[in-house]
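After this come two complexes, each holding chain A, first together with chain B and then together with chain C.
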Partner chain A sequence: MSDFSTWDILRNLLLAARWTVVLSLVSFIGGGLLGTLLLFMRIGKVSAARAFARYYVELFQGTPLLMQLFLAFFGLGLFGVDVPAWLAAGLALVCWSAAFLMEIWRGCVDAVAKGQWEASASLGMGYLQQMRHIILPQAIRIAVPPTVGFSVQVVKGTALTSIIGFVELSKAGTIVTNATFQPFTVYGFVALIYFALCWPLSKSAQVLERKLNVAHRNH
Partner chain B sequence: MAYHFDFSWIPDYSGVILKGLAITVELTVVGGLVGLTLGTFCAWGRALGPNWLKPIVGAYVELIRNTPFMIQLFFIFFGLPSIGVHMNELLAANIAMVINLGAYSAEIIRAGIQATPRGQFEAGASLAMSPIQTFRHVILFPSLQRIWPALSSQVIIVMLGSAVVSQIAAEDLTFASNFIQSRTFRAFEAYLLTTVVYLALAVLLRAAMRGIGVIIFPRRRRA
Partner chain C sequence: MSLIEITEVRKAFGDNEVLKGINLDVQPGEVIAIIGKSGSGKSTLLRCINGLETINAGSIAVAGAQLLPDELHLRALRLKVGMIFQQFNLFPHLTVGGNVMVSQTVVKKTGKAEAETMARKMLDRVGLGHKFDAYPDELSGGQQQRVAIARALAMEPIALLCDEITSALDPELVQEVLAVVRELAAEGMTLIMVTHEMKFARDVCSRVVFMHQGRVHEIGPPEEVFSNPQTAELKQFLGML
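Let's look at the complex of A and B:
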């Protein structure tokens, strides 16, 4: 058995943390795109699309992310393709983030005062014009802090992908523990690295909320 | 897709599934009750407590909220024994759930407390109530009522998060589906069934939390 210095442990964990960052970015951006699509279905005028978006959220918010990962992993396998862990992980996380982001953003659209819709309608604006010029600019402003806040959930969500065999920070933690027999140190470091990734995001969400709330305070 | 779904194993493994379900429910109930109690104390400590307590609670809340539940669980179950703290997997799972929900609910409840109008504190003081009495009899319940929907969502999130405890071999619902798929090789069906059970649990839990809300907030005037 070879000896591992504390630096060896930390270095290997930091190398693996790159994959946590990559997967988080992919999930967040992919989830954002899919979430936007779902948002327009949810607040649109087609009732079938509205129902679909509603059940989509219900389904993905009502089941564990771990189950979604398992189903993506084994479900894609049913098509006879050999599913790499990163694909199942990315797919499940994108679908999961999309549900939460859509729900957050829908709340933001709802938070725009009803009078804004009526005022813009009375100016003869169509639905798309209302959205483009009146509603979205205000909704996006409200949406920034909770969206940044949700990115923390995405980073933490990526930890679960280690269970289906994607090697990122958590999986590296398990592997390094098995090699070094120092779970206290290793998982301590893993937790600290996650904290270093998430805490700046949490803090900036708080700061943004305080800053952007100014326009909204006198409601 | 030339795949034939096969659920014929369900009767043979219904006992395993029910046992898993019982553990998941136990984790949720204990985690919920103890976690919300811890969260209430921490919220008090961070919003109204003595100055030495605030940074301690703050550090606890930030640390838990910014690390994954799974790592907290691994740290408790695999890490702590190396400094001499041993426990079985079920206890570790329970402790992790309590600590996790405690931190999240502390932040939610604190928001409720801080939304209390100042006049409420002053009114309590003018009736010669001590700060603790004011908190207990005047502040707490309207604060909880204000944030009850957010708190309910958090309890559901923690219930769904409990799927991870299968990774330290706590025999919850997910553990049951892992067990079944290893025996029957029906991985997709096993996880599909479990997912449906989780979905049903989430729906029931939401209804239960709403019911609890109706019972413990009997038509209080909204602040």
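Let's look at the complex of A and C:
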């Protein structure tokens, strides 16, 4: 049996961590785009679109991410579609992030004071003009800290995709453990790498919160 | 011809009828003060004139155009009638100048240079030309309210609705705002204001409307309404009982 140096372990984990980063980015950006679309449906004036967005969120917030991954992976397989693990993982995480981001952002739009709607309406602005020039610029400012904070959840959420066989950091940890029989060292490194990814994000969310609150203090 | 014609206007929130058939005609250049206890429907009436609340019955016409609840008519109406709020409602993400310019460039599609000229003119008019680049949260309440007035004026409305515009101000800041309103009145602007400033109403207004339980209870020139109230309710309101 060959020996594994600490560097061997770490190197393999770091290589796999690239996929955690890629999957996180895809989920967050894809979820952001889909979430934006859903947000406009949710706060728009078409009642069918509003209902769709509401049920969408309830569905994805009301079921575990793990179930969503299973359904994407095995469910589509039932229809004869051969879904590779990376596609199922990406798809499920995008849909899941979209639901949460939409809900966060809807709260931010709601948080803009009612008087802002009334004042802009009384100046003759239409709905889209109010949104674009008055409401969204303020909502985005409120949305930055919780959105960055949520990105931490996305990074950690990618760990679940190891169960459907996508080789990212957690899955790599399992594989390396099986080869080295050093679970404590391996998972210790896995945890450290996750921490190194997540901590800067949560820290920057804190900093942003403090910064943007200052610009927003009398409101 | 009346500038604003309010005819048999009714408004209910659920089962609670707040306006029970209001009639009021406002002539161009008139300054109307609406007084009354809280809950008498003063603010609701004002908000109905600007279409912020939809009326259940009756009609409101401004300069001959009917108030209809679709966006096209509402926007046309709001270009004629400006509104100033108790809580100022300045846009906190824009500078003072930006606040006064945004509706011109967005709604009227005025060019930026022209909008800025207008904004500076209106800010000078309320004595705040030097605050052009400041943000609203750097101003006092009185200054914020004067910016709100400049913002409304920049749209060149034919009438202004003022909803308790000094009620959120510290006492020492009330006068600077009233001075601006007084000047507007002197220049012939049509004003309808809900106010608790009785002295101001007496000095400046052409007519005073006393509202009670959703109706116009008494109406007349200020000297009559204040010195010779006809009903027990108004006497009580003025503290004469």
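Quick note on the criterion: the second predicted complex is superposed on the first by the 217 of 219 C-alpha atoms of A that agree within 3 Å, B and C clash if a C-alpha of one lies under 4 Å from a C-alpha of the other, contacts with A are read in each partner's own complex, and residues count from 1 in each chain.
Keep in mind that, in the parts below, a contact is a pair of C-beta atoms (placed from the backbone, for glycine too) under 8 Å apart; a residue touches a chain by one contact, two chains touch by 3 or more.
All figures in this text were calculated on a predicted structure; none of them were measured in a lab.
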Practice task
For A:A191, decide between first (touching chain B), second (touching chain C), both and neither.
Solution key: first
Handout entry: More chain A residues in contact [chain B versus chain C]
Key = B
Exercise for the section: Would you sort A:Y55 into first (chain B), second (chain C), both or neither based on which partner it touches? Expected result: neither
Practice task
Return first, second, both or neither, reflecting whether A:I163 touches chain B, chain C, both chains, or no partner chain.
Solution key: first
Exercise for the section: Find the residues of chain A that appear in the contact set with chain B and again in the contact set with chain C. Expected result: none
Problem - Partner chain B, residues of chain A touching it in the complex - result: 59, 61-68, 70-71, 74-75, 77-80, 152, 156-157, 159-160, 162-163, 170, 173-174, 177, 182-184, 186-188, 190-191, 194-195, 198-199, 202
Fill in the blank from the handout: So, in the complex, the side of chain B touching chain A is made of residues 1-3, 62-63, 65-72, 74-75, 78-83, 156, 160-164, 167, 174, 177, 187-188, 191-192, 194-195, 198-199, 202-203
Practice task
Mind listing the chain A positions that touch chain C in their complex?
Solution key: 113, 115-116, 118-127, 129, 133-134, 137-138, 141, 216-219
Practice task
Would you pull the chain C residues touching chain A in the complex into a rising list?
Solution key: 50-52, 71, 74-75, 78-79, 82-83, 85, 87, 89-93, 102-103, 106-108, 136-137, 148, 151-152, 155
